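Taking it in order: structure first as C-alpha cells, then the write-up.
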Amino acid sequence: MDKVSVSVQAADFDLAEEYGRLAGDAAVGAIVQFVGRVRDHCDGNAIDKLTLEHYPGMTEKVLTEIGERALARWDLHSVRIVHRIGPLDLADQIVLVQVASAHREAAFEAAQAIMDFLKTEAPFWKQEATAGGGTRWVDARDKDDRAAQRWQKDPT
Amino acid sequence: MDKVSVSVQAADFDLAEEYGRLAGDAAVGAIVQFVGRVRDHCDGNAIDKLTLEHYPGMTEKVLTEIGERALARWDLHSVRIVHRIGPLDLADQIVLVQVASAHREAAFEAAQAIMDFLKTEAPFWKQEATAGGGTRWVDARDKDDRAAQRWQKDPT
Amino acid sequence: MQILYFGRLREVFGRSEEFLPAPPAASVAGLLTVLRERGGVWADELAEGRAYRVAVDQEVVAEGAPIKADSEVAIFPPVTGG
Amino acid sequence: MQILYFGRLREVFGRSEEFLPAPPAASVAGLLTVLRERGGVWADELAEGRAYRVAVDQEVVAEGAPIKADSEVAIFPPVTGG
C-alpha cells in the first residue's frame, strides 16, 4: 500500500472500505479518521446545498504534498485523503483524512495538521445555496490560517 | 440519541455501524473516530496476544464520566466510547472513540483528551502473551500521565 | 467490607476478592496498615511509594478517604487500557 | 501563457480561462499590472491588499515570481475546502 494516497472525486466515499485498507496490519496501533460533512449552518447562514469547485491537477498535487509533509514530520504508517467535488447536499460527506500510526499521539497530531493544511492550501472553493435560492461563495476564515500556522513551530 | 454512549464488551465493534449513528444529521460538521488496535510490539517486546481485564461497573462509570467531562468542555454533538475486554489477537480492535461536533477543532481536541483520560483513569489492565509463551502485565507509562495532564490547563 | 483486587496485584495476592470487618472510623490508610501487617507480598506491594491505586465505591481516592462498613474497596495497579 | 480563474473570481471576471502572450522577462507582478489596466472588476479585485492567490505551474507564488511563455498561471480567492 502506498504511504500517501489521495483521491479527488465527485462520488461519495465509504468509511468502512477506507478503513479496510488497514485490515490485519499489526504494525498499526492507532487510526484516526476525520470526516468533514455539509452542515446546515455556516457563518450564521442557513444552508441548503453546497457546490465544491476545484483546480484539477493542482488539487491532487497539493493534497499529496500535504500527506508527504505529515509523513516526514510524524512517525506514520500511512495517510489517506479523499475530497469530494461538485454538488453536495446537507449531511453529505465532504472530506476524509485517515492516518495510521503505531502511536496515537502521532496519528492525532498528523490528522489535525493535515486538515489545517488542507483548509488553507488545497485549491477548493465552496459555494453555498441558501434555502431562498441565492448562492454565496464561502469566505476563507482567519481561524483556519491561525490553525495552520501553529504547525510551523517544532513539535514539543 | 444519548449525548454520551458507552459500551464495554468482549465482542468486536463495527466502525461503519458506529458511524451510522450519526447518519443524516446536518448539525454534525466534523466527526473524529479514533481506533486503538493490538500492535505487534509494545515497549520493545514482540507480542502475540493480549488479554484485557477490567473492573466491571467502575469501568462504565469512569468512561461515562470522561464522556460527560468532554461534553462540558467542548461544544460537541455526541461522544461514543467502546472498549473491548477479554482475549484479543494481533491487529484486533481494542477501543473506539467517536466524537461528533459542528466544528473540527472541538472534535479533534475532545477525541484526543478522551483517549488521554481513558488511558490514565479507566480501570483496564493489559496482560501480554509473548511468542515464547510467557505473560507480562503491561506497565503504565509516564507519557500517558503527561498527556492527560495537559488538559488540566484551560483551552487556549 | 468487600475488597477487590485487579491486574498484577490480583495475581500477586492470589485472590480477586475478600471480605474484612470494617473497624470503626475506618479509612483507606487504616486498611492499608492492616494489609501491610500481613507481611510478604502484601508489605512489598503496598509499601509507601509503590504505584497502586485505591478506589472506594468505584472512585479512586486518597489515603485519608473514609471507608464505610458496606463500602466496596478496590486495590489495583495503575491502569493500562486503551 | 494560459491563465485560469477559479471560484468567485471566475464568476466576477466572467471567464474560467484565457490566453495571453507572455512578455519577455514576465513576472507575476507584470501580469497583474496588465490585468489591472483593464479597469472595472479587474482593477477592483486585483488591487493591492485584496485577498487573492496566484499560482504558477500549480504552485502558489509571490508577486516577484517569474512566468515563462508556456506557464500555467492561475488566479483565485483564498481556498475554502475541507
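Each chain gets a letter, A, B, C and D, in the order it is written, and its residues are counted from 1.
Quick note on the criterion: a residue touches a chain if its C-beta (ideal position, glycine included) is under 8 Å from a C-beta of that chain, and two chains touch if they have at least 3 such contacts.
Everything numeric in this text was worked out from a predicted model, so none of it was measured.
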Chain separated most widely from chain B, comparing mean CA positions: D
Distance between chain centroids, defined by C-alpha means - chain B, chain D (Å): 48
Inter-chain centre distance, chain B versus chain C - centres from mean C-alpha coordinates, in Å: 26
Distance from chain D to chain C - Cα centre to Cα centre, in angstrom: 72
Distance from the mean Cα position of chain B to that of chain A, given in whole angstrom: 23
Interface hub residues of chain D, defined as touching at least two other chains: 82
Chain A residues counted as touching two or more neighbouring chains: 36, 104, 115
In contact (per the touch rule at the top): chain pairs: A-B, A-D, B-C
Parts of chain A lying in touch with chain D, wherever the complex brings them together: 36, 52-55, 57-58, 61-62, 83, 94-95, 115, 118-127, 137-140
Complex interface listing, chain A residues touching chain B: 14-16, 19, 23-41, 90-91, 102, 104-105, 107-108, 111-112, 115, 147
Of chain C, residues touching chain B in the complex: 4, 6-8, 10-11, 51, 55, 58-60, 74, 76-82
